[in-house]
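Look for subunit A in each of the two complexes below; its partner is subunit B in the first and subunit C in the second.
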Partner chain A sequence: MFDQSIITKLQQISGKDQVLTDKADLICYSYDATQKQYLPDVVVHPGSAEEISQIMKLASENKIPVFPRGAGTGFTGGSVPTAGGIVLGLTRLDKILDIDEENLVATIEPGVVTAEFQKTVEKVGLFYPPDPASLKVSTMGGNVAECAGGPRCVKYGVTKDYIIGLEIVTPTGDVIKTGGPTMKGVVGYDLTKLICGSEGTLAIITEIVVKLLPKPEAKKTMLVLFDSIDGAAQAVSAIIRGKIIPTTLEFLDARTLDCIRQATDLDVPAAARAVLLIEVDGDREFLDKQVAKVSSIVQPLGVVETRVADTPEQSEALWQMRRSISASLRQVNPDKFNEDICVPRSKVPDMIRKIESISDHYQIPIVNYGHAGDGNIHVNIMVDEKTPGDHEKAEKAVFEVFQGALELGGTMSGEHGVGIMKAPFLDMELKANTIDYMKTIKRALDPNNILNPGKIFPSDV
Partner chain B sequence: MFDQSIITKLQQISGKDQVLTDKADLICYSYDATQKQYLPDVVVHPGSAEEISQIMKLASENKIPVFPRGAGTGFTGGSVPTAGGIVLGLTRLDKILDIDEENLVATIEPGVVTAEFQKTVEKVGLFYPPDPASLKVSTMGGNVAECAGGPRCVKYGVTKDYIIGLEIVTPTGDVIKTGGPTMKGVVGYDLTKLICGSEGTLAIITEIVVKLLPKPEAKKTMLVLFDSIDGAAQAVSAIIRGKIIPTTLEFLDARTLDCIRQATDLDVPAAARAVLLIEVDGDREFLDKQVAKVSSIVQPLGVVETRVADTPEQSEALWQMRRSISASLRQVNPDKFNEDICVPRSKVPDMIRKIESISDHYQIPIVNYGHAGDGNIHVNIMVDEKTPGDHEKAEKAVFEVFQGALELGGTMSGEHGVGIMKAPFLDMELKANTIDYMKTIKRALDPNNILNPGKIFPSDV
Partner chain C sequence: MAKLKKLEDYRDEIDQCVKCGGCRAHCPAFGAEKHEGRVARGKIALADSLLKGDVELEEKFLLDMSQCLLCGSCYSQCPNKVHTEDIVAATRREIANRKGLSTFGKGVGTVLKHQGVMNLLAKGGGAFSKLLFKKIPEQSGLRLRFPAPFISSDRTLPPLTSKPFRERHPEVIPGDPDKPTVLFFTGCGINYMYPDSGEALLKALKFIGVTVIIPKAQVCCGLPAVSAGAANTVESLAEENLAVFQQNKYDYIVTACASCHSGLTQIYPGMGEEFNEFRDKVKDIFVFLIEQGFADKLAQLPKRQDQVKVTYHDPCHLRNHGITAEPRAILKALPQVDFVEMEDAGTCCGLGGTYSVYHYDTSKKIGAKKAGFIKESGAELVATDCPGCIMQLQDSINHADEKQRVVHILDLVAEVLPE
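Take a look at the complex of A and B:
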C-alpha cells in the first residue's frame, strides 16, 4: 500500500489537481507504444524544476521509484512504471522559452511537442531536423532522453547533435545546468551528451537548449524502384560517394512491396524488388541538378523506374508508398514486433538476406524498411498474437535478428533505445565490462536507484 | 624516490627500450604548449592496449599517477605530469587500422598524427574536417581527449562530432569498447562522447572509430575588409541567415590588423578595422554563385574591400593575412597569454569591446582573432615576462576576459579545455553542484584518482 503521507506531500508540492491516484487515471500512464502495462501508485504533473527538485528529494528520502514521462510514445518501455511508484508527467512544462534568431539557438521546456517546436522555428526561417515518426505527439524531452532519430538524420544527424545544453534535476534533487548556448564549449565533461539517450535513468530533463539551422530553401523528392535490394544498397553508397548527402534515403524491401501491392492500389511494378525514396534539399536552383546527378548515378544499378516530383502534390504522392506501410502491414497480420537494428550502410543487403532466411525458417512474415542512408532497418515481425505459437516464434526471430545485426558489426537499436524491451539482450551487444562501466555511472549518479529503475540494464544496478 | 621495482615491472610489460628514466629524457615529457614544466618519474611507451591495461593495473595497485600523452601540443597543460609518476606516451600506437571506403568509417590508433590521417583519407576521396592549428604535430588521441576544434568547425562541427566509437583502458585496467561503426546507435549510455573532451581524466584512448565525409569537390576563398567589427559580426549572422554555412568564417580584429600592418608589408588598407576570411566548399559549379551571394549579403555592412581568390595561389595569398598573425604578434611583445573564449556569435562585437577596455585599463596589448562563425575568439594578451608587473597585469586581464565572456552567456574555452590553466577559474563558469556532479563521475570511474589527477578540477576529487 502506497503511503498516504507521500500523496499529501506531493499535493503540497504541485497542488491537489496535479496529483492523480484514481485507478482510471493511473491506467492512462501505465503503458507506452510497447503496450506493456504497469500501474503506477501515483501520477504527478509538476509545474517547475523547483517542484521536481522537491519531488526527487521526497522520493530519494523514501526510496520511491520515479518514472519520468513525456507523451509515452516510446517503443521500448522507457516511460512505463515497471516498479509502481511515481510517474512524473512532464507535459505541463511545455513552453518555448526563447528563440534566438540571431544565434540560431532555442531554449525550450521538455513537454514541448516535437512537431509544434519544428513549426514554430520554421515560421522564423529556422529548422530543427530530427523527425521521429511520432513527432506529432512525442515531446522534446522524450526525444532527448531517447536520442530520437528519423528519416532526415542521414543528412542532419540525430537529436543529440542538436542539443547543446540542458537543465536537469538529479535523482537527489539537485538542479544542474549542463552546456550552454555557445556553438563550442569544452569546460568539463560533456554532461549534455551523457544525459541525451540515457533513457531517463540518470536525470529529469527540465530545460533544453537546442541548436537550429537555417531552413533549407526547397526540397525535391524522387522515388526509384530497383530490381534488387543489392542495387538499392549500391545506389545508397554511390550517391554518398558522389558527394550528395540526401536529406532522406528511405528504403522498402521486397516483402514490404509485396504487402503494399496486396493492401493498396498503389502502382508498384512487379519487377520492383526494392525502393529508395530520396529527398534532397537546399538551394532551389541547385536541386534539379542534384536530382539529375542522383538519377545518372543510380541508373546502372538495376533501376526499374524513376519517378521525380515536380510539385508538392507529386512529392506527397511519392511519399504515399512509404506512408502506406503501417496500414498495409496490419492487413497482413494484426500484431507486430517492431525492431530498429542498425548496420554499416553497405551491409544492408546482407542483413535483409539474413532476415529473409529467418522469416522463411520460422514461417512468419518479416518486412523491412527504414533509413538506408544510416543502415538503420525497421524490422517488422508480423504475427497474430491469437495464433498459438506465433508469439514464441517471433521472440526467437527477434533474437536471431539481433544476432545477425551484431555479426555484421551493427547494433540492436539505432533509434528506439533499450528500455525494458532490449534489456534482456543487452549482453549480446555489450561486453560485461562495458555494462559494468555504465552501471558504475548509474550507481554514482543515482545511488538509491530510484530513477527509472529496471530500464536499460537487465538486472539491478 | 620512485620505486625501482615499478620500473622493472614497466620494463617487463613494454620492454626495456620503451621505459625512460634518464633526466634528459624525462625533461622531453615534462611540458606542453603552456610551457609549464613538471618532471615525471618515468616515461613508458606501450605498444598495445593489453600493455596499457597491465600498466594501469600496476599503477592502480600502487596508486601511482598516470599521465597519458600524445604529441604534447595542448594549450592547457592536459598532458603535463603535475604529480610525477608515469607519463604514458601513446605515439607508438600510430597505425591507421582500417579505412572503410564503402561506409565512410576509419579505425585508427591514438598516436596517428591528425594531418597524416587527413592526407591519408583524402587520397581515397574522403574527408576528416576538424583542423586544430596544431594538426601537423598533434595526435588524434589528443584531439579526441581535448575535443579539438579549428576553422572548419563552423560548418562541420568539432572532433566529437566525428568520433563514433572508442576502445579505452580504464584506470583499473579494463579494456572497454564504446560505440561502433554504425551511423546510429542508442544501446546504453554514450560513453564515447563522455570520453571525448574529458581531457584524459577518465580513460586512456587506445582505438578510435571515426566517421568520415566525402571530400568536397572544390573550395573558394574570399577576404572581406570591414570598417568596423560590428559590420563584420553582422556579416557573419547575415551570411548564415542567408542559408550559407561557409567552411570557415575567420575574423581578425582592429588590433590584430594594426600588428600585421606594423610587422609585415601585407596590404591592409587603413580604413579596415576588421577582416573576415571566408571559405566555401562544395560543388565546383556552385561555388561562384555562393561567393557572389556572400558578397552581396555583406556589401551594405561597411565593406572596405572584397578580395576573391580565383586560383589556389591567390587563395594562399589571402590566407597569408591570417597566417601572419602569430609572427606579427611576437614582434609586438615576446610572450603571450593565449585564451580561447567562446560567446554566442552575435555577441562577438560586445566581447571585443570589453576586451579593448580591459586592454586599455591595464595598458597591455590584447589582440583578438578566431572563429567568428562559432563566436570562438582567440584572445592574445601580449606581455614581456621580463617587464616587471606585466605578468600580474596579464593574469588580472585573463580573469576579466573570462568574466566578460561569461556575462555574455559564453564559456572560458571553446577548444583548448581546462587542464591546469583554467582549473582555478572553473567555479566562475560552472556552479558548485555541476562541478560536484562531474567529480562524482570522475570518482566513480577513477576511484584511486590516478589518471591525470589535478586536471580540470581545481581541488582534489
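Take a look at the complex of A and C:
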C-alpha cells in the first residue's frame, strides 16, 4: 500500500466515490477471465481523458504502475494488476458520442459495451461486424486493445480493420489524437494501428473513431456434417475458390462432436467426424442461390448430411450445436486450458492431427473447434486440476501445441493476445531482434515502465 | 430436521465460476450500478475470499452481499450454471451467524421480534394500517418485505385485505371425484394482499372440477427469510409446511406465486431428504391448468371484439426453472386478450426478496427499465404470475407516470369463466 497522499490526490482528481481502497473492492478488480488474481492498491474509475491525463502524470512522478481495465473478460490477464498499483477502470466512459450516417463513421468512448454499440448502429441500418464471443460484456476499449476477432471476421476482418482514429492518453499523461474520421490518411506513422492490439501497454484509449458498413439485409444458416476433417477443410477452400465468402465458417472437430454426443441429446450422426456451420449474408434474393451453390460445391467432399435453416428458429437450432460445446466440455473434465492458435487455412487438418497425437501422447482430452475460414483454432485442453500431474501434463501439451502451430507457419494467438499467459512463450514465435524493436517502442513511449508493466514481454523492458 | 446448507458446502459451486464475466450482461443489480461487486462474478470472488479468510466482514463486503436480488438471472445465462443466488444467500446466513441477524439488512432482526415491530410501528406509523398489519403472523415474509419503518412513503402498495384469503374458505372444497385433488399453497401475497387472485384460482379449479384443499396451518414459504439470511426462520417455516404436506392427501400442490414455487421446489429440497417427495408434486397453477387441457377449453370461447393488449412479465423464479411457455399459452388462449411480447420480458422487476426495502433507489432504477419496455410494447395490461412482481411492476409504472395496470393472469382468467 502506498502513501495516503496519493489516494488523496486521486480523490481530488476523480472524486471520492470513484476511488476504492477497501479490501472487498480491491478483490472485485483483481482478476479477469484467466482466473489469475492479484490485488491492486487502489481502483480508480475516471470520468474523462483529462482526469486520466492527471492520473498518469501523478503515476509517472511516483512510479506507480497503472493497469487499464475494461470489462475484465480478457483471456490472457491483460487487465490484471500483477504489480499492485492502480487499476484504471474505464467503464464510466461509456457514451456513444456520434453516429455519422452520412460518412458511416461513429465516435465512441472506450467503455461502451460491444453489443450495445452494435445494437445502436443497427437501429439506423448500419453494421459493426467484429463479433468476439464475449461481445455482450466486453468493452470497445478492450476490443481495440486486444484487436478482438470473431466468427464474422473471415468475411469482414478484425477490430483493427474498423478503427480509423483514436484519442489516447500517453503513459506520461499527454492527450493526443491519432488518425481521424476519413477513410484515407497517410500523414505520419499509423499510430492508430500501433495502438490496436497493444494490450494497454502503450496508451490508454479514451475515444474511438469507428468505420461502419451498411447492414446486410438478411442471412442464412446451414450446417454441413462431414466424414473427415480433411473433407471439411477442403470444403472451406473450395467455397472460397467458388467466390463465396461466408460470414461465418465455424468448424467442430471429431472430438468436440464426441463430447456433444456424450453430453447432449442433439442429433449428431455417428458417421460425422467434422462439422461446418456456415452463414452467408447479403440481399435476400441472393441467399438461397448462395446456399445452393455452397451445397453443390461441398457435396463431393464426404458430406454426411446438410441442414439448411429456413427460419430464425431453425437457424438458432443449428447454432445450438456450436453453443452447446462449452457446457459439454465441462462434462469431460472440469478445468480447461484454452488456447487460440491460428494457422494458414489449408493447414487446419495437419494441425488437428498434430493436436490429436499430442492428446494421445499425454492421455488428456483435447478438443478443437473454431473459425475454419481464417484457420483460427480454439484448442481446449481438458484436465482435472485436482488430479495430480494433470496440470503439468497440460502445460507440456500447450507448449507442443504452440510449437506445432509455429511449424505450420501459424501463430500462438489469433485473438486473445499475449498478456501474462503467453509472455513466457514470446520468443518461440518472435525473433530476438523483433522483440527488441518492440521493446524500444515501449521504452520510448513509457520511459518509467508504469503502463501495464509485465505484460507481453517476459522480462523487463 | 430441516437444515439449510452452509457457505462451506458451496465450495465446489464457487470453484465452478470461471470468471468469464458473462453475468455482467444479465445481472439487474449490476445493470443499475456498474460496480463489479454488484455482479455474480464479484460476489463469488468475495464469497471465495471469505471462505479463505482473506477478507473480513467489512462494510463494503456487506453492501455487495446485500446488493443482490437473488433473482438467478446470472445462473440462467451462466455457461457453467453457477447458482450465485444460493451462494449469496448462504453468505448472508454466514454473516448473520457471525455478526447477528441485524447486521445484515438493517431492520431484519427487529421485524422478526414481534414486540419490537409493534413498537416501531407505533412510533413511526408506516405504510400499512397498524390494525391490519397486526393480522400478519410475525414470521410471514411480508413482514420482511415491509418492515414498516424502512418503507419509503412514495411507494405504491396494495391495500391489505381485512379478511385474509384462507379465512374465507373451508379447508376442503370438494370437486368431481374422478378429477385430481390439489393442495393450494396460497403464499402470503395472495392471502393478505391479493385475495381476489386466490378467488380467481378457485374459480378456475372449480371450472375444471378438481377438489381443492386450503390448509389453514400452512405458513409463509420462507423465501423472504432466505433473502434476509434468517436461517432459523426458514428452517422452522419449512418444517411447519412439511407437516401440512404430510398430513393431507392430494395429488398436487399448486402455487400461484413464483417465489413460493421456488421456495418449495428449490430451497426445501436442499434442506433434507424428507422434502424430496413433495418437490415433484408442486406445480405452478398454469403448468397444472395446461396439463388439464384448460387452454383448449379457453380457446373454444368466442373471441371478443374489444380485446385488450396484454403483455407478460416472466417472474425470475419461474423463468429460471423453464416455466415460460405455460403462462403465455393461457394468456394467448383468453378470448379478451390480444397478446404482445415485450422486449426483455424475462428481466427482473427489481423486487428481489428484501432487496427493494433496503435498496429502494437501485430497485427503482431496475423497475424504471422494465417500465420502459412495458410502455414500448403498447400493452394496456401487464399480466404475470407472482404477487411480488405485481406490486413492484405497478410501483415502477406509477413512478414512470404511465397508465398500465398490472394483474395476475388468474384475474383475467376469472373474467371469462361463468360464475
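The rule is short, and it goes like this: the second predicted complex is superposed on the first by the 460 of 461 C-alpha atoms of A that agree within 3 Å, B and C clash if a C-alpha of one lies under 4 Å from a C-alpha of the other, contacts with A are read in each partner's own complex, and residues count from 1 in each chain.
We adopt the following convention: a residue touches a chain if its C-beta (ideal position, glycine included) is under 8 Å from a C-beta of that chain, and two chains touch if they have at least 3 such contacts.
Small disclaimer: the values here were computed from a predicted structure and weren't measured.
K.L.:
Look at A:407 in the shared chain and tell me whether it touches subunit B only, subunit C only, both, or neither; answer first, second, both or neither.
P.N.:
neither
K.L.:
Looking only at contacts as defined up top, I'd like to know whether subunit B or subunit C touches more of subunit A.
P.N.:
Counted on subunit A, the partner with more touching residues turns out to be B.
K.L.:
For the complex, give me every residue of subunit B touching subunit A.
P.N.:
100-105, 125, 146-147, 149, 153-154, 157-158, 160-161, 170, 174-178, 180-191, 193-194, 196-198, 202, 213-217, 237, 240-243, 245, 283, 285-286, 289, 342-346, 371, 373-376, 409-418, 422, 426, 429-431, 433-438, 440-441, 443-445, 456
K.L.:
Considering the complex alone, what residue numbers of subunit C touch subunit A?
P.N.:
Of all residues in subunit C, those touching subunit A are 16, 18-22, 24-25, 34-37, 42, 45-46, 49, 54-56, 58-61, 64, 79-81.
K.L.:
What does subunit A use to touch subunit C in their complex?
P.N.:
Contact set of subunit A toward subunit C: 22-25, 27-35, 37, 71-73, 91-92, 113, 115, 134, 136-137, 326-327, 330, 334.
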